[in-house]
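I have a structure I would like to understand better, so I am pasting it below and will then ask my questions one at a time.
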Amino acid sequence: DEQAVSGGEMTIIAGSDIKSWDPAITSGTFPGGPMDQLDAVYGFLVYVDLEGKVQGGMAESLTSDDAVVWTLKLRPEVKFTDGTPYDAEAVAYNWKRTANPDTLAPAQPFVSSWIDGVKIVDPLTIEITLPTANRNFGSTLAQSAPFVGSPAALEAAGSDKAAIKPVGAGAFLFESWDQGISLSFKRNPDYWDQPRPYLDTLKFAIIPETNSRISTVVQGGATMMAGYPYQFGANAEAPGVATHEIPIPGLYRAYFNQKAGTFTDHRAREAFYHAIDPGRLMQAYTQVEGYVIPTNYFTQASPFYDPTYTLPTYDPAKAQELFNELAADGKPFKMKLVTYTNSDLKRLSSYVQQVLSAYENVEVELELVDQAMLKPQCQTQVNFDLCVDGGVLVANGAEPIISNLLKTGGVDNWGQYSSEAMDGFLAAANATMDETEVKAAYANVQKVVAEDLPLYIFGSETRFLLLRDNTGGIVPSNGGILQKQYLYVCEDACAAE
Amino acid sequence: MTDIGNMPAFKPGPNAKLGDIVRHAMPWSSKLKLPGATPFEMLAAIFLVLLVLVALLVDFVPGLVSPKLPYGDFSQLPEWSLNGLLGTDDIGRSIFSRVLHGARTSMMIVAISTTIALVSGLLLGMLAGYYRGIFERGVDLFANALAAMPSTLVVLAFVAVTGPSVVTIIVVLGIFDIGTYARVAKAGVISQSNRDYVLAARAMGATDGRILLKEILPNLIPALTAVMPTLMAGLIITEGSLSFLGYGIPAPAPSWGGMIASSTDLLSRFPVLIVGPVLAIVLTVYAFNTIGDYLAQRLNNRERES
Amino acid sequence: MLNSAMPYLRAISTRLLTGILVFLLVTFSATALSSLAPGSAAQLILGDYATPEQIAALNAQYGYDLPIWQRYLSWLGDLLRGDLGVTLFSQQPILGVVLERAAVTFEIAFLAMAVSLIGIPVAMYTASHPNKLTDKIMRSVSTVLLAVPTFVIVVLFSYLFAMVLRWFPATGWAKLTENPVANLWYVALPVLCLSLHQTAYLYRVARNEFVATLQEDYIAVARARGLPLSYILFNHALRPAMPQILTVMGLSLTYMLAGSFVVESYFAVPGIGWTILSAVKSHDIPLVQAILSLTVVIFVIVFMLVDLGYALIDPRVKVS
Amino acid sequence: MSSDIEPNDDMILEVRNLSVSFSRGGKQMKAVDDVSFTVAAGETLGLVGESGSGKTTIGRAILRLLPDANTKAEGDVRYKKTYLNTLSNADMRHMRDRLQMIFQDPLSSFNPRRNVEDIVAEGLVIQGRPASERKSRVEAALSAVGFDPASVAGRRPHQFSGGQCQRIAIARSLAVEPELIVCDEPVASLDVSVQAQVINLLQDIRESRNLALIFISHDLAVVKNVSDRVAVLYMGRIVEIGTGPQIYERPAHPYTRTLLEAVPVVDATHKIEPDGKRTVMPSRNRPEGGCAFRSRCPRASEVCAQNVPTLQPAPRGQMVACHHPHDEPAPGMAA
Amino acid sequence: MDATLASQPVLSCTAMTCEMDSVSGPLQILQDINFSLDTRRALGIVGESGAGKSMLIKAIMGIAPRGLRTIGKIELDGQDLSSLKPKQRAKLIGRKVGIVFQNPMSSLNPFVQIGRQIEEAGCIHLGLSKTEARARSIELLSFVGIPDPEDCYDYYPHQFSGGMKQRIMIAAALICQPDVLIADEATTALDVTVQKEVLDLLQTIQTERQMSMILVSHNLGVVAGRTDEILVLYGGNVVEYGPTSEVFRNPRHRYTEALLSAMPAMDQPAHTRLRTIPGQPPNLANRPTGCPFAPRCASAQAKCHEVMPAMAPGVHPGHRFACHFPLAEIARPASSDSAHVE
């Protein structure tokens, strides 16, 4: 940060456009995703750093001694760009709004569970009393409701989401949005943390084609894109280009539909695990050899990793046996794999189809939908047997993602998995601040995962950025989203590792 | 497949013409009757014949692996063997086998869409050309509306409605060609109607139906066959574009456009693997266009002579 | 003079009438189709956590629950009032968005068209020396070019010129009005990709047309008068060949407008091709409708211009 | 005005007050204007006139072969006891084996995809004759026009020369055994050497079968050779009608005389003195009202501009529509 | 032959043969053509369709279709055309020869104003300036009898009738003040009355401007009273060549005679049987060895089928014909109207 200079412009490549400026509606953790764009305007109230610790962003701190009562301290003199103060009232207003079911916020169940315990102590202090202890309250808040918009602007828009104007207190001011093409922001001169932000202009360019994105960065047409080394290939070594690892392991996973269809039968899920060699699957997916395959929800890098409980391994003979058994029971293995039309995912699903089709008594159908239609189809309609979501799910610090995935009714629990034991262990892990108890609870979680096979977990990877080598101030938050106020253009190749 | 090793030696001299070489290498090709065709046109015709044969008989090619099952490792470079000739694709299937099976997919779409378009276009065009008036206006309007809509986009929209399906693609592509066939048929009927033989048939007491079906229809065939290959080439391109965009033939059925799309992402790492499907689509379109030109030229000549 | 203008007026008005019918047909089909598509704008706006009731409510608010013909009529009504609405997410006025992006597509299409015009003099030369070496070469080259689908050209060119050689930018756009030099740089690859096919096509049509024209009696007469070949080509063959060339140019222009989405989305050029593609995906139906309408309007205008061109070129044409 | 032409049962064909107009781009164009004539059995009526005078239109109107779309035909056409103009399409179809037509361009009057027997047999097929009868009648018709049926079998029209094609066309008409044939410039596209064959053939057939012919031609020499009576058309109207000798030896209408004068004669004994006035004849557009020919007529007077002349008996017995008919021999003709 | 100035031919062909390749072997389209056209004389070329009339003209003009090989000598104004480079040759012919083609509808470029079409050859060959050219074309337009030539200058061909177009073609042919005017079936597509006007015009111009003229027609009547010499072509061969009056009055070749008697005449009564010529013109790819007319000739003998007759002189000077058994010379008074007496 020493050599940070003011001025300049950066362009972050996004894969798709945002749908609205509603700060309550956030999802995705990948750079270029909607959260990334909202961050520019609203700024993180609190965020999770690379170590998994909750840090203050727009707020000064969020702390608790007992995991039940949490204190949020705001910074003085922070103002929204419409001049209204970024104070306790504003934060509480945003939370209330999120808790209102009409807002349709994904974080509604989470926020509404403690909204009654919110107490404004003074304009810069809020005290939150949770109904039960939650040691992960801070990180969950950072992941699912980190943005605070100007109450005046939100009020003005009323119920019409499309009419919400982006008025935050973040590092940048919304300048223009060309739907489907680009978004442009300019420096917020009244940002609280002067001399930040350094950049005069921040842009998001929407480029759907992976190859085009890579070439664009290589040629200097944009500053950065998120991706994986297998996609970059030799381009990572191109002059003027650097890669930057965001060292938070993520999981590749697919959802088994446990409400209806083939995978309601445990044998089918087990057979699926046995039938496919995950190493080959990852190689098919990324065209790169040598992935370490996770043996359970937590990878070796995680402090909660427990080698005792492992997921079933590749065993084609066993798989065939189970497939035959299922067929004999009159429940032949017939599955529909749903994913979206991305070439990597196409490859992955084709590979799954190809491998499974080689077994007897197996039928596999593929359905590739538009990216935007994946969630509705998998989450809302639950119309799949196996649903593959693209990219990796950041699994640092377990929560809130693990609960979202595995808890009964969790927002990311697309497969409708439900287990009392699992719910209990997850709650236990949250309820204590004691590390050994947490570890024990998560060991049990891994045991249940290995037994129940709620998800198909087949790979893990860290995310990379392909960026211009003169990009400075890379401060990832929440597992990948760069905090825009730190970004600056440096004179030399400061990003090269 | 003919064994190349058993062919009698033939050394093309410096003055050997391409046609001689072709005729020598493929003796049966001289049975292909294309009066006045250049060697390129002969080659194109042979290629198309081969393509149709491949589409029909690809399952019986000895030694050819399934296009849906793995053959080798992922993204293997080409090697000197039947299945590895063009390398393997990103999940290890034989590209050569997929290219050959892709021919079946393309040919099937071309054949069915063309049949749909030809039959309906002919019907509409004949009515429009013979009865003129309101029929003609209606058909013109229909053809114009089709021309004013980007076909690929409409197929995309339909695919969005019905989900990716071969039937949708075939039907929509077929519908889009109706306009052209109708136009050609209409123009043909109008120009034939100006010939005295139609009048002569009327003078003999022929009914409209007889005149249309027995007198005019046979004379529309040359013009229709002349536009057909070009339209077929267009179908192949459109189908390729759709599959390329991911809205075409559902996986794992092999299609050239889909193969190009999947090699595109890995282009910077395995550029050779795109060669097979690209060559397949380019050569096929080339052959169709060449035959189309040949037929159109012959039609022109015939019209000029008469 | 009024008398001589009357037939034109009539021809144009019949064209317009057909155009309006085509317009109604196309836009109505678009409404019908979009209402059949799964998912909805409401779904996308409300996000993934909306309940079906909420979605239904928002659909009702937008009027997406009405029968097709009612939706269509209300859209038509809005259109007549000059109100195209705003884009679904960014709330930009649709008219402005569409015009701005159409300008981009137009620039590319026109430049591609302009580049392809070199096909005409080449065609003139080869047609006047038929079956000579150049003619044969040009014919083969053009047939090969015509056989390469645009999406293949796009993939190969962007790989070669943007990734390997890095001569041209892989994606992006600069407005002509703001930075003409950068604009040229950005426009180069898309134009190249579009014009290759175009040039080959125009060349072929022009060549065949010139060959046919050169067989006309009046060309024989001109030759018998001892007029030089170049004089005959420019003064006697060019104009008669123009109507056909013009038709093809008109067709190609609409083809390029419609077929631009592969090129535009690959090069991330903010034109209508890419816009309509993403609008279809994100169910921004008002935007889709607006672009389709524009396409039809352009189609009609282009063909009216082509007709007018006929009338200017061919003195015999009075009424179509 | 034609009421003086009584219905006459000797006449197998009677055309009465026939008018045909075409609409083109909203405008009405009268191609045939109030034409009446009759044809007796076995008689040949020649129709002559310049291009566009309505010869073909009359021929087609009789046979109801005009396009329906933009055409309006009025007047009666009586064939024997049947009024053709009021027949239903189906009934007209039954009349077609008695009324036939031969076209100017024989090749284009054949479907190029048919072979010769099919072409000749077509009328019989349409009339629903059994195959055996068809075969013999086709052979008979082909022999009648001088072909050896076996040697032409299976050949396509384009394998024949123009004269042969025209003979096939005649065979096609004869196969249905018609009583009247409208010949629309049947020899115009033929060389002199072949033209003679076709004319002779038509004459022979006419005699042997007592055929009535309407023979359309712009070649006055040919018309003279084949016709018993001749009607001269000018801009859709009959300006003169009478027997061959009447018309050719003492043409009464100035237009007929102009036509006769213009016929190139095979006579090289003296060089033709060219007409020194080189101004073009005034426009051939129809003048408003009055006699259509008056703009080209050396005898035109006031009355010609006011009254449309009607057909009146001329001194030599023919009918002429002229206010100032001639009564002297044709130029170059001995009295 | 002594080369006196008076009998210097403007245009002559010596032993000219034209050949072309076809699928069925080489075609002898024209064989051994000899003729010469003197100044101020009119030559008629007659023959059936396909006899080679147009090809002869095209070969002379150098606009024959691709692949046609011309052997023999063509001299224009004493200059051997084959010794010239194509461009020079085209220029020379363009200046010295004016040509009017058969179809007035298609011989004028429908896209170009007629004034331009008339004057362009003048601008190019004579280097006329724009104003000069315009003045001269207007003058020519009125010379060929087009009313309002000033206005017509800017009209397009479709605004004229067939006869007018043919007059415009004549005007265009005259722009360089050529020595020879060639009319290839210039009146075939016209109505009889218009044909007469155009023929009269051609003849008047020829005499007024002291040009030579070639009148090509398949209609013997067209050339009959309007030419000095006549050349009868049959299957690409000259079968008879001589003074027009001689040939018509006393045709010696049996083809010429058959042609004449096949024509229906105005002085015959109705229903007169016409004389016919059986058979068809020779197939150029497969010519008979002997006289080309022998297969159709009523008086053909064995010799006719074997030996090709050479051109032999007749009684009248300049009258030549290629027949082994020519018709007898009939003695008749040279000038008489007896042809019209029945």
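For reference, chains read A, B, C, D and E in written order, and residue numbers begin at 1 within each chain.
Keep this in mind: a contact is a pair of C-beta atoms (placed from the backbone, for glycine too) under 8 Å apart; a residue touches a chain by one contact, two chains touch by 3 or more.
For each chain, UniProt lists the protein as follows: B = ABC transmembrane type-1 domain-containing protein; C = ABC transporter permease; D, E = ABC transporter ATP-binding protein.
Given the structure is predicted, the values throughout are model-derived calculations rather than measurements.
Asker: Tell me which chains count as touching both subunit D and subunit E.
Answerer: Correct list: empty, since no chain touches both.
Asker: Could you tell me which two chains share the largest number of C-beta contact pairs?
Answerer: Highest contact count among chain pairs: D-E.
Asker: What whole-Å value do you get for the distance between subunit A and subunit D if each is reduced to the mean of its CA atoms?
Answerer: The separation of the two C-alpha centroids amounts to 91 Å.
Asker: I'd like the Å distance between the centres of subunit C (ABC transporter permease) and subunit D, where a centre is the mean of that chain's Cα atoms.
Answerer: Whole-Å distance between the two chain centres: 54.
Asker: Calculate how many whole Å lie between the centre of subunit B and the centre of subunit C (ABC transporter permease), each centre taken as the average of the chain's C-alpha atoms.
Answerer: About 24 Å, centre to centre.
Asker: For subunit D, what residues touch not just one other chain but two or more?
Answerer: Not one residue in subunit D touches at least two other chains.
Asker: What are the residue numbers in subunit B that touch two or more other chains?
Answerer: 160, 264, 267-268
Asker: Hey, which chains are touching each other here?
Answerer: A-B, A-C, B-C, B-D, C-E, D-E
Asker: In the complex, go through subunit C (ABC transporter permease) and note every residue touching subunit B.
Answerer: The contact residues of subunit C (ABC transporter permease) facing subunit B are 18, 21-22, 25-26, 29-30, 33-34, 36-38, 140, 143-144, 146-152, 155-156, 159, 163, 212, 215, 251, 254, 257-259, 261-262, 276-277, 280, 292, 295-296, 299-300.
Asker: Which residues of subunit B touch subunit C (ABC transporter permease) in their complex?
Answerer: Going by the criterion above, the answer is residues 40, 140-141, 144-145, 147-154, 156-158, 160-161, 233, 237, 240-241, 244-245, 257, 260, 264, 267-268, 271, 274, 278, 281-286, 289-290, 293, 300, 304.
Asker: Would you tell me which residues of subunit E are touching subunit C (ABC transporter permease) in their complex?
Answerer: Touching subunit C (ABC transporter permease): residues 58, 61, 63, 66, 87, 90-95, 97, 99, 101, 103, 106-112, 116, 120-121, 124-125, 156, 158, 169, 172 of subunit E.
Asker: Name, in rising order, each residue of subunit B that touches subunit A in their complex.
Answerer: Contact set of subunit B toward subunit A: 68-70, 74-75, 90-93, 160, 163-164, 246-247, 250-252, 261-262, 264-269.
Asker: Which residues of subunit D touch subunit E once you look at their complex with the stated criterion?
Answerer: Touching subunit E from subunit D are residues 50-51, 161-162, 191-197, 199-200, 203, 218-222, 224-228, 244-245, 248, 258-272, 274-281, 283-284, 332, 334.
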